[in-house]
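Each of the next two complexes has subunit A plus one other chain: subunit B in the first, subunit C in the second.
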Partner chain A sequence: MHGMTSYFIRRLLLVPVTFICITLLVYTVIRLAPGGPIEQAKQQMRAAAASEGGAGGSSAMGDTGTLELPQEAIDQLKAYYKLDKPIVVGYLIWLGAWPDEAKGGKFSGIIQLDFGKSYRYSDSVLTTIASKFPISIYFGLIGYFATWLVCVPLGIQKALRHRSMFDTGTSLVVFIGYSIPDFVAALLLMLLFATPMLGPQFELFPLGGFRSENWDDMWAKGETWWCIRDQIHHTFIPVVAYIMGGFATMTILMKNSLLDNLGADYVRTAFAKGLGERRVVFIHALRNSMIPLCVGIGHAIGLIFAGSFLIEKTCNIQGMGLLGFNSLIGRDYPVIMGVLVFGVLIRLFGNIFSDMILAVVDPRVRFR
Partner chain B sequence: MTAVLTILKVAVVLALGYALTTKAIPWCYVKVARALGFRVQITPITAKRIARFKRIKRGHFAFVGVSTLFVVSLFLELLVSGQAVVVHFDGKTAFPAVADWSNKVAFFMNIPSFQRKNDFGQVGESRVDYRRFARWADDPATLEADLEQQRVKAQTLRTEAEAEAPDPDAGAFTRRKYELRMKRVAAAELEVETLTHTLDVFSRGDAWIIMPLYPYGPGDLRLDLSKNPPNAPSAAEQIPLGTDMSGRDIVPLMLYGFRLSLAFALLVAASGYGVGVIVGGLQGYYGGWVDIGSQRFVEIWGSIPFLFTMMILASLVTPTFGMLVLLLVLLRSWLGITYYVRGEFYREKSKDYVQAAIGAGVSDWKIIVKHILPNSIVPIVTFAPFGIVGYIGALVSLDYLGFGLPPGTPSWGALLRQGLENVRFYPHLVIVPTVALAVTLYAVVMIGEAVREAFDPKVFSRLR
Partner chain C sequence: MSDAAGRKKLLEVKNLKTYFDVEEQTAKAVDGVSFHIYANEVFGIVGESGSGKSVTSLSVMRLIPNPPGRIEDGEILFEGKDLLKLPYAEMRKIRGNEISMIFQEPMTALNPVFTIGFQLREAIRQHTPGMSKAQANVRAAEMLSLVGIPDAERRLKNYPHEFSGGMRQRAMIAMALALEPKLLIADEPTTALDVTIQAQILELMMSVREKTGDASILLITHDLAVVAETCERVAVMYGGKIQEIASVEDLFREPLHPYTQGLLLSLPRPDREKRRRLDTIPGIVPSILDMPSGCKFATRCPLEELQCEEKEPELREVLPGRFCRCHLVDGVARATVGSGAWGNGR
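On to the complex of A and B.
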């Protein structure tokens, strides 16, 4: 166990290094790329001047000087966005490892949990993310559990009836599931069951969203059943899409893993001792064949917590994924960096968590 | 009758494509490789694997189908385009579609093409409408009707303009307006003249045209329809798959999108696996610090949230096709394969034949390329089809989110985005790309399953 502990400590020590590498890379790219905040401010200025000029006649167009931002305003903006400092210094201020002159020489960055303010909305990035987070977790968790509920029994049945009609038939479904990306599945489901294309009786679910708009009112009125029904209606299509996303991989993993174990010597021994088939399969073989699935939990955490851009965009769910998407459309860099930080951290800890689960459920595994 | 003829033509094209894919290309490949001094021979074990692959009917069929369609799609400019394949007019012959194709695929050829009206003995710099030309060639009566219509139009324009002719002492503005009007009249009359000339050439029998199988290219707008776009599929208006929101026909969009997606995925897979095999091979062969150092790097690099980073980069600079390939290779496709190749190289290196080669003083490079690599090719081959499924999915996802190829590119993802925006009213914008995507990916998955089964057969035996 001593070796294992030091292994995990080493893994944890690698987290900050990895984190800094990735965020520094993205920070640098954003800083170096064209179309930063200064250019945006200039463009807004130009747009405003053009619309004013259009209203007041075309004579003002000759004077291009009025269309430019004054130099001192540019300097102010540069200081505000830390563009007057070298990239590394700007990064360290953002990280909170360099005193920020704009805030009176205080250290204020990611380390101090100061993610800055959104350019577009003047909310702090942290509150924005905190408000979107639960929505992504809601869909992610339900989707993940539903995936387990569907795939594990199906995988077991496929393994037990290997090469039967059932196996071949469900394999077809599995491969079709693999060849339709999850967001396309969501789109297709919305078309089939959220629009009257097949007939009005098939318009069962709403076209996206987390809840109906009047949900809070109805809840306040005490219409609990209506609220629960509404919530389930909004949950159905995204959750099926999440299931489709992991369906094929997980089912096949479960099947192959159980097949491997069913062919192993210890299963032969168990049968030879005269144990019943149910006991051998479900107590002996199944426990061991769940190991690869358990390892996937850590990796799935990223998807659960950060949400899927594609499903959230398709189903119009205001979670982390859509927040990241909208911040990219609006070039809202503090939010982009905030979403990135969460994404990277969850991923890194998820990977370590996977190894820990593996170490717990499979005592044979030794990390060096 | 025309439908039967069209099906016959498509069948001929597919048969030619099949022959090209399964016979001509492998034959050329072997000839060229031999000419370059490579020894081309199939080892017994590879022959066994290929035989096993061919025995799996679904996979083999999907492989032949997808590769034939891809090879045919390399000639799409000749098959699905608004430009004529061959056009002959007044003693001159040109190959506009072939020229278009050679610009993209065979850019070293210089093929004559009529592009502008004055290449045609007509007046003006605007592009020739080959579809109109084909209609005339089909039925000269339409040309006469067009000519008559144009004559009437020119006549009315002239009488209207002359009725409102200004006094000589009218203001400069009014006179200028009249001049402009007369210019339009002159243009209409010139058009009458050229059409008369065209009719003359047609009646001499000195004009003919061969159009592609489907006369609309991916950028051509369907302006001949009665309603505003998007149009739902309709047999009466001859739009088999409908039009998109800007009025482009969806048939060419799907076909060119197929070529684009598959070419993208193949390029990403090939270059990514190239890098991955080199890195993984060096790690596994040298081990020690090379391995530990690069393994840490692979771990860090692999923790980059791929889709979000791609989106950040694409939001800063609109990526071209090549940039997108490069980004996907850099960020993703080389990583996964390193683990497997590294493991294979570790295993193979400890075997006797490698140790013997090292003992005999063979150079590292030669051992890696000639001895170990052929023996560790299984993971590369078995992963490739599933990689291709993933890369097509990645391209579609990026285009769908609007962070992919520039607008106007024929891409499935962009059409799916239009489908999302119009899901209530224009279901064909969702259904058509979804079916295209699902069928293509399903075929590739079938190939992958068969390849895995053939190269890495697992015999499950239930003991009880």
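On to the complex of A and C.
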């Protein structure tokens, strides 16, 4: 056990090192990538000038090429975005390990929990992320648990009735689900069950959104049941779309793993002891077949946080996936880096957590 | 129940047929096997891989995986009850309690994710209603020290991977004998072990059995030396059928069936002339899906005659207590296979 404790302590000590490597790499890449804030500012100016020119009706087209930001404005912007400093210095300021002149020489970065301000919305990055994060966690966790709740029993039944009609039929359904991209599934479900296409009695769910607009009012009025019903209504279609992809993998993994274990020697030993079929399957074989499923937990934790941009887009949910995507398009560096910080930390700790779970389910696993 | 000599028959297998469906064909793994085991007797079944000896033992426990396997016909009388006609719930009460089993692979026969103690207690409590976990633990520790594992109390908390192969087989023996069964089926219990451990485990199995109710043992092996050391009587299997049954002394002194003779000639023996290559039985066991219609051994037998190919011989009592399935063998005239008859070995 001491070997294990020291292993996990070492893993935890590696977290900051990995964290710095990843964030430095991403910081460097986005600093070097074209289309930074200066160019965006220039473009905005041009666009503004063009629309003014258009309103004036004159031939200002020739002027737009020469329209430039004054040099001192560019310098100001560069200083504001720390583009006048070397990449490493800029990174260290962001990290909070280098004094920031703009803030009177104070250390103010990630370490001090100062994530900076969004370029696009003048909100702080932390506030922006905090408003999206719970939404992604909500859908991610529900989706993940729903996957387990459906896939584990289904996989077990498929293994026990291997090659029966039930097995073949569910395999067909599972693989159809697997072949449909999740956002298409979301669209399809909305088309079928959120519009009167099949008739008004099938218009069961709302067309996207996280909650109804008057949710907060209803909550304030104490209409708890209405609120819960409304929330479930809005949750159903996105969650089904979320789990459809991982569904096939997990069900088949569960089935094959259990099938393998049912043929194992120790199962025969268990039967030879006079144990009942239920005990042999659900205590002996099942415990062993859960091991491969637990290996995936670390990866899944990362996905839960990341959200799915496409589903969020189709279902009109303001989650992390959409936030990350929009900030990339808008070159909103502080938000990109902020999303990255959360993503990296959750994945790093998720992997350690996943290894811990593995060590618990499989006594043969011993980390040194 | 008892024979002429008045010995009580504990297990009587009559005309057992266990078939496997393999891609439209039927593999007759065990095809009409009959034998009996007396109370407190050690009975051996020897044979090559694929001769049907393991399938016979699994049939007794009704542990044949179905599909593809099925017990087609026969009776397995245990203390007069036909196990094959028993309701499943009744059979479960016999498994691990009155008949228990040790398997070949100690590395995989124990569940890797549960402790040795968990698996021992589980076996004990399954057949002892009302026994507490603590009581079962005491019994488990007792059994573990009986099979020679020191510091048993602490060792119960170990997982199988923390035990060596020999220790796992000891734990299996402890588990099998904890409930003082009447019959212990040992299916190649030493095959997977180091040669140095094999003798220890055999000796242990015999001595622990004496201390726990003197169970009869059905020992399945391909190792004639193991048979010679432990068994009273032995059946030789080939091609899913018993070819010869005899007491161990008779079998080694005077093997009747040409197959048995071949097996014994292929053993290294210090009393025979040295610096000589061992005799072997030429050829291989015919595929289980393509057995000869006459004598199963005809394809490899040096004494083979026309009738052998055409007609399958019956298992006959050729001498008192000695059964042999060969056209050329009866009580009076016996065919013998000389060392040179196999056409090799010089």
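One rule holds in what follows: the second predicted complex is superposed on the first by the 350 of 368 C-alpha atoms of A that agree within 3 Å, B and C clash if a C-alpha of one lies under 4 Å from a C-alpha of the other, contacts with A are read in each partner's own complex, and residues count from 1 in each chain.
Note that contacts are C-beta pairs under 8 Å (C-beta built on N, C-alpha and C of every residue); 3 or more make two chains touch, one makes a residue touch a chain.
Keep in mind that this is a model prediction, so the values were computed, not measured.
Engineer: Tell me the contact category for A:151 with respect to subunit B and subunit C: first, second, both or neither.
Structural biologist: Touch partners of A:151: none, neither subunit B nor subunit C.
Engineer: So, A:110: does it touch subunit B (first), subunit C (second), both, or neither?
Structural biologist: neither
Engineer: Applying the document's definition of touch, where does A:300 land relative to subunit B and subunit C: first, second, both, or neither?
Structural biologist: After superposition on chain A, A:300 lies in contact with neither partner.
Engineer: So, A:287: does it touch subunit B (first), subunit C (second), both, or neither?
Structural biologist: After superposition on chain A, A:287 lies in contact with subunit C alone.
Engineer: Taking the superposition as given, does A:135 touch the first partner, subunit B, the second, subunit C, both, or neither?
Structural biologist: Touch partners of A:135: none, neither subunit B nor subunit C.
Engineer: For subunit A, which side has the bigger count of touched residues, subunit B or subunit C?
Structural biologist: Touching more residues of subunit A than the other partner does is B.
Engineer: First (subunit B), second (subunit C), both or neither: which does A:329 touch?
Structural biologist: It touches subunit B, and subunit C stays clear.
Engineer: In the overlay, answer first, second, both or neither for which of subunit B and subunit C A:348 touches.
Structural biologist: Touch partner of A:348: subunit B, not subunit C.
Engineer: Let me test your reading of the model: by the given contact rule, A:268 touches which partner, first (subunit B), second (subunit C), both or neither?
Structural biologist: both
Engineer: Which subunit A residues lie in the overlap of the subunit B contact set and the subunit C contact set?
Structural biologist: Common interface on subunit A, subunit B vs subunit C: 263, 268, 271.
Engineer: Of all residues in subunit A, which touch subunit B in the complex?
Structural biologist: These residues of subunit A touch subunit B: 14, 17-18, 21-22, 25-26, 29-30, 33-35, 162, 175-176, 178-181, 183-184, 187-188, 190-191, 194-195, 197, 207, 256, 259-260, 262-263, 267-268, 271, 277, 302, 306, 309-310, 313-314, 324-325, 328-329, 331, 336, 339-340, 343-344, 347-348, 351.
Engineer: Which positions of subunit B touch subunit A when the two form their complex?
Structural biologist: 296, 299-300, 303-305, 307-309, 311-313, 315-317, 389, 393, 396-397, 400-403, 416, 419-420, 423-424, 427, 430-431, 434, 437-438, 440-442, 444-446, 449, 458, 460-464
Engineer: Per the contact definition, I'd like the list of subunit A residues that touch subunit C in the complex.
Structural biologist: 263-266, 268-276, 284, 287-288, 291, 361-364
Engineer: Subunit A touches which residues of subunit C in the complex?
Structural biologist: 61, 63, 65, 92-97, 100-101, 103, 105, 108-114, 122-123, 126-127, 159, 161, 172, 175
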